[in-house]
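To keep things simple, chains are lettered A, B, C, D and E as they appear, and every chain counts its residues starting from 1.
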Amino acid sequence: MMLQVEKLVVNYGVINAVKGVSFNINQGEIVSLIGANGAGKTTILKTISGLLKPKSGKIVYENQEIQRQKAPKVVAEGISQVPEGRHIFPGLSVMENLQMGAFLIKDRQKVKQSFDEVFERFPILKQRKNQDAATLSGGEQQMLAMGRALMARPKLILLDEPSMGLAPIFINEIFDIIKEINNHGTTVLLIEQNAKKALSISDRGYVLSTGNVQLTGSGEELLANEEVQKAYLGG
Amino acid sequence: MKTNFKYNIIWFIIMVAGFYLMNTLILVGVINTFIENMLVTIGINIILATGLNLIIGFAGQFSLGHAGFMAIGAYATAIITQTATTPVGFYLSVFAGIVVSIIAALIVGIPTLRLRGDYLAIATMGAAEIIRIIINNMKITGGAAGIFNIPQLASWPTVYIMVCVTTIIIVNFIHSRGGRAVTSVREDEIAAEAMGINIFKWKLAAFVLGAATAAVAGSLHASFLQTISPNDFGIMESISILIIVVLGGVGSITGTFVAAIVLGVLDTVLQDFGALRMVIYAVALVLIMIFKPSGILGTWEFSIKRIFNRFKRKERVEQ
Amino acid sequence: MTSLLQVDNLVKNFGGLTAVSNVSMHLDNNELVALIGPNGAGKTTLFNLLTGVIPVSSGSIVLKGDDGTFALNGKPAYRIAKLGLSRTFQNIRLFKNLSVLDNVLIAMTSRSKEGFIASIFRLPSYYKTEKQLVEEATKLLTIFELEDDMDVLAKNLPYGTQRRLEIVRALATKPQILFLDEPAAGMNPEETANLTQLILKVQHRFHITVLLIEHDMSLVMNLAERIYVLDHGSLLAEGTPDEIKANHKVIKAYLGEGE
Amino acid sequence: MQTVFQQIINGLSLGSIYALLALGYTMVYGIIKLINFAHGDIYMLGAFWGYYVINVWHFNFISALLSAMLVGAASGVIIEYFAYRPLRHSPRITALITAIGVSFFLENGMSYLFSSNTRDFPQIIKQVNYNLGGVLISNIQILILVTACILMVLLQLIIKKTKMGRAMRAVSVDPDAAELVGININWTISFTFALGSALAGAAGVLIGLYYNSIDPLMGMTPGIKAFVAAVLGGIGSVPGASVGGFLIGILETFFQSIGLSAYKDAVVYFVLIVILLIMPAGIFGKNTKEKV
Amino acid sequence: GCSTAKTQTKGNTQTGNTVKIGVNMELSGAAAGYGNSQKQGIQLAAQQINKNGGINVNGKKKKIKLIIRDNKTSTTTSASVAAQLTNNDKVSAIVGPATTNAGTAEIPNITKAAVPSVSPSATDPNYTKQKNGKVQPYVFRACYQNNFQGGTAAKFMTNNLKAKRVAVYADNSSDYGTGLAKAFKKSFKGTIVDSQYFSEGDKDFNAVLTSFKSKKIDAIYVPGYYTEVGLIVKQARQNGINVPIVGSDGMADPKLAQIAGDKNASKVYYTTPFSDDVAKSNPTAVKFMNEYKAKYHADAPTFSALAYDSVYMIKSAIESEKSADSVKIAQGLAKIKNFDGVTGKITINKNHDPEKPIAIEQLTNGKVSNSFNIK
């Protein structure tokens, strides 16, 4: 098992956002977390990547407890996050943004290799490499955020609503890319409102509601589940 | 309508009671000149800080030039009451101070309020310094020596009444259409404008209202202290008003009252610590901010209405 | 040929970039129109031009409203809002630290007649207008099922609810035209379906014209009477949902194959 | 004509002092958007440190300068750790007040411990005046001028070309995202404070040497001037801080030379306001309008 | 009815075995440097008096108890400190404040309390006067008022230096510089070529000095304090301006030469009550300077001397009136005649200003080389 989250509880001050969530991810899988607005998905991701400290519970990554570790340390361990709302660095060029992604990698050769890989995957970023990232369009920014996360050569990548605000044509593209990244050996934890798409590329999925896991199963099982269909697939 | 009237009456009673309480304490001798001095200073600081809180806390405009407007009021009173040594003269001078400071606030505000954040702070600070330097070099203002032997036409009752009046005006403004417009400017200028709010006009309104009350405080300061000099109205004075606002809670008028009182008392108590006073004051300031980052009261406001409602709810539960 | 809003040859340049180039379009009374297009096509920029958030480079925008005909280009945003154009934002821009009720009351300030003197001295007229405003705001909030959250700070609302509040706030200015920028972004299908119903209801009830940007095709195709497609700043196509769905250029640039 | 050249020299050397201080301001502001009111007081600490080690431990100039930079850096880091770090997620105005508190603390603490008297700074480098066709310039003026220019270039290189510099920029625009790519925010901020405050420490020794007079309140006036310089240049921008510093130095000199000495600060503020009205984010500041 | 309370006290009577003397002083803020020098002088005086048994109050020796409070160089705080000293601490007399501004701020409160105050250094001519021109009954000072010093400097310029073209460079952040400049200009017979200002805390004077340089001047008059004037002297000499520089007692401090640099501090003159000449022929001064040096390991600055005298003036008033009640002390202070002070033989005139001889000292290479008596 690559990542195991056990009875995770996270609070914002007095607000209890995550109320004892457990789930796990195996090496090489794509796992989706779906759930309504405010279910606590983003909060879970932020806790895994060390931006938030849990109230209680455990996060075990490659047999190591990481719930008390700070974000930079978690990144160093091989977990990268593509945050909700992209959070690219405005004012830095596309190139510099990508360089920031490889911040912890000392080996120049590897950095160069990552650049090549990212540019191959997102040719548009290569075209725009000297442009201020702030002036990119939404879709381009999303690609940049993914590219930046990949620059760290993560073993596990956390994606928070990568399709939000994207044109339909880009949505398909983004999901293709996720599959491709996964095929190249990166484990993926995916959060999506577009549950249909997400589950269709996922090995397994978890359905969250207001801070708890409600349902779990393989991607196909969940897609077929009536409750899920009703609540999250608009059917 | 009736209930609204009730709350207003209660407020009025509180204010009158406060006045008589103080009067009695002075007659009995519990409050001597020293305490009276402290209370008056606190009162003047309350007027200054509520005005600044309107600008910073409610309109979200970072002004660092409040002392400049205070100076205008102070000098108006000092100069006018030199010749018109009567209460009427004093009120005339207050009025003159308000008018001049409104004009100055318009001159300063119309160009600078287009700036944002720290740039605005620096520009207003610069404007206040310009006012101070001009005063420092004028004949009628007595130059660097300032003006002394100003007749004391404002004693504590005047200050007390002015505190009440300016607070009522500012609080009522905040709870009106204008106040809401001003707050929306603080929250999000672009959204406010999209809702049909002329953000520039409302920023300016808050700035001018704040400046006018600062002038009133300046008049009281001059008349009560009987001496003023340009050095009283420097950057440090603006900063000390800012400290009251932030310490009390940006956006809480009640907080401003509390902070002005706490700091006023602290300042007087620290007189016993000699040369260490400012060191202790500095440490206290840092500690309060670290442990209460949003100020003593945050954005909480004292409200009679709320107390009443809680009372009623309790009664209902008990029945 | 008296459109409510007539846009001709609108252009917006950012430095070297032409974000909106020569766009002409119109909105009629009580219409529900969608604006779609790939990311970076210039949709939000077009909204910004129409509502005066940013100045136009060239072109004209004319409103033929109830109170007369106005050229909107060059007017500041607040004047345009007062003339009856109201909007929501792609990245929600609520007054975060204010209550839900205050958010709505603020949107009503520009219409309110409350006087400065009356409010400073708490004259009876102050209480009267205040009461009216609160009543009106409550009514609106009730339509959107927000009446129980009136005292909640906007920033503490769940995302979807914030989007709903933004719509209420925009309606509180009593607009003739309502612009919605990706109202369903970040919502799941169920929430999106609810929102679709709500928008329809609002349009009927207040007799307003709606122009909306959305990437969620289920919402667009269900709601829109007409659709404009923008690509690289220019109009690519215009038509009914069925026409647009079948348009090859649109499929290639925006919808993509599949589904 | 000679007078004009002399005044230009005067303006440049005064400006280089403002620039030196403004650089530190701008660094700190650039990363945490805090007007570090205590910056001028770190400059004072640097000057007192220099005074002490030269008089008591007989340091030479270079070691006094370098050790003052260390002391400056250390105090900057300590101040950040205790007074600003706890407030990183609080409103900026709160941190501003603690900065003011720290400034009061340093000024009055030093006055309390060492008395508020003015003292003369040991003249460890002998001042030599060069006469260039009637225009006088001293070796110390040249030293300060050159130091300010070198530091400006150096800082610009650090920020634009090094990994640390990139980390600093990333932290300043989006601290959360910076953490997510593995940047240690605390470290980066501490480093920035160390750098900015080391500059202030160096300025303390240099300016102490130049004017030969130091006191616990010496940081107040130049602190505010340097802040104005940083804002004028576009706060957060390194070249902006230098240009702002030189501009203010030259403006002050110019207005004094035409007989407006009584109004010199007023006129400088007036020019500041006018410039801000034309360029609302200062001369080099990027006017980052939010994208709506 | 709308009658409001007024606080009322009628002077502090002294009780017990001590005489309480309050100190309302600028110990922090802009004038802290001067305030702290004065505090040292006050403490030295009190210590000496107590060592010698105290003040003779109508035959009984009573020790001085100093109550020292900081007014932060703020008018508001000065008023509050005065109220605290008179009301709560019940002092019999006050020494301070140092500055005119803080000084005038305390007047209403000390007058109400009928407690006299002696300022060592408030120099505004009108400081001791009420608005109607009458003297303030409880306000005294130990220093010259500005008109006197400014006029003396003007005479000296014409008579001794034979200067015809003079530039004035004055401190305009307190009344001191502007007041002296005004007085100087009024009595100077030659031409004032240029008149410029600096502010407290300034460190760079090159711009103005450069413009003076091109104006063919015979001398510069620089009313201000040693902190800035020291730098002016230094920068003037470095700019090649070698004309005499004349100032006032704010310069009479050993620090001046230290800041200016000894070799620059030549042809520097200032008006002062506290000249070396006077000191040599005045045993009080010699004693003061020695004891000061022993206690503080530094040469005594003028401000300490003035503050020291202020305490002794109060002592003398108490002893002559045989009472340490505040009202009596005020009467005694007004009657001081030929009081033997460190800063000369002092007689308090009807304006409560001290009359004492004035001298002009000349510095050469940082040392006092000459002194002139101006009549």
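We adopt the following convention: a residue touches a chain if its C-beta (ideal position, glycine included) is under 8 Å from a C-beta of that chain, and two chains touch if they have at least 3 such contacts.
Predicted, not measured: the structure shown is a model, and the values here were computed from it.
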At minimum, the number of touching-chain hops separating subunit C from subunit E is 2
Return the chain whose centre of C-alpha atoms lies at maximal distance from the corresponding centre of subunit B.
-> A
Compute the centre of every chain as the mean of its C-alpha atoms, then state which one is farthest from the centre of subunit C.
-> E
In angstrom, rounded to a whole number, how far apart do the mean CA points of subunit B and subunit D lie?
-> 33
Just how far, in Å, is the C-alpha centre of subunit D from the one of subunit A?
-> 43
Intercentroid distance (Cα basis), subunit E paired with subunit B, Å = 36
For subunit B paired with subunit C, centre-to-centre distance based on mean C-alpha positions, whole Å | 40
Multi-partner residues of subunit B (at least 2 other chains) | 136-137, 190, 275, 278
Send over the residues of subunit E in touch with two or more other chains.
-> 28, 30, 172, 197
Which parts of subunit D, given as residue numbers and ranges, touch two or more other chains?
-> 108, 111, 262, 265, 292
Residue numbers on subunit C that touch subunit A, as the complex places them | 14, 17, 36-41, 90, 158-161, 182, 185-193, 215, 217-218, 253-256, 258-259
Subunit E-touching residues of subunit B, taken from the complex the two chains share = 23-24, 26-27, 29, 31-34, 36-38, 41, 82, 136-137, 143-146, 148-149, 151-152, 155-157, 221, 225-229, 231-232, 267-268, 271-272, 274-275, 277-278
Which bits of subunit D are touching subunit A when the two form their complex?
-> 163, 166-167, 169-170, 173-174, 176-184, 286, 288, 291
Per the touch rule, the subunit B residues reaching subunit C in their complex are 1, 4, 8, 168-169, 172-173, 175-178, 180-181, 183-184, 187-188, 190-199, 299
Touch list for subunit A against partner subunit C, complex | 34, 36-38, 135-140, 161, 164-173, 193, 195-196, 230-235
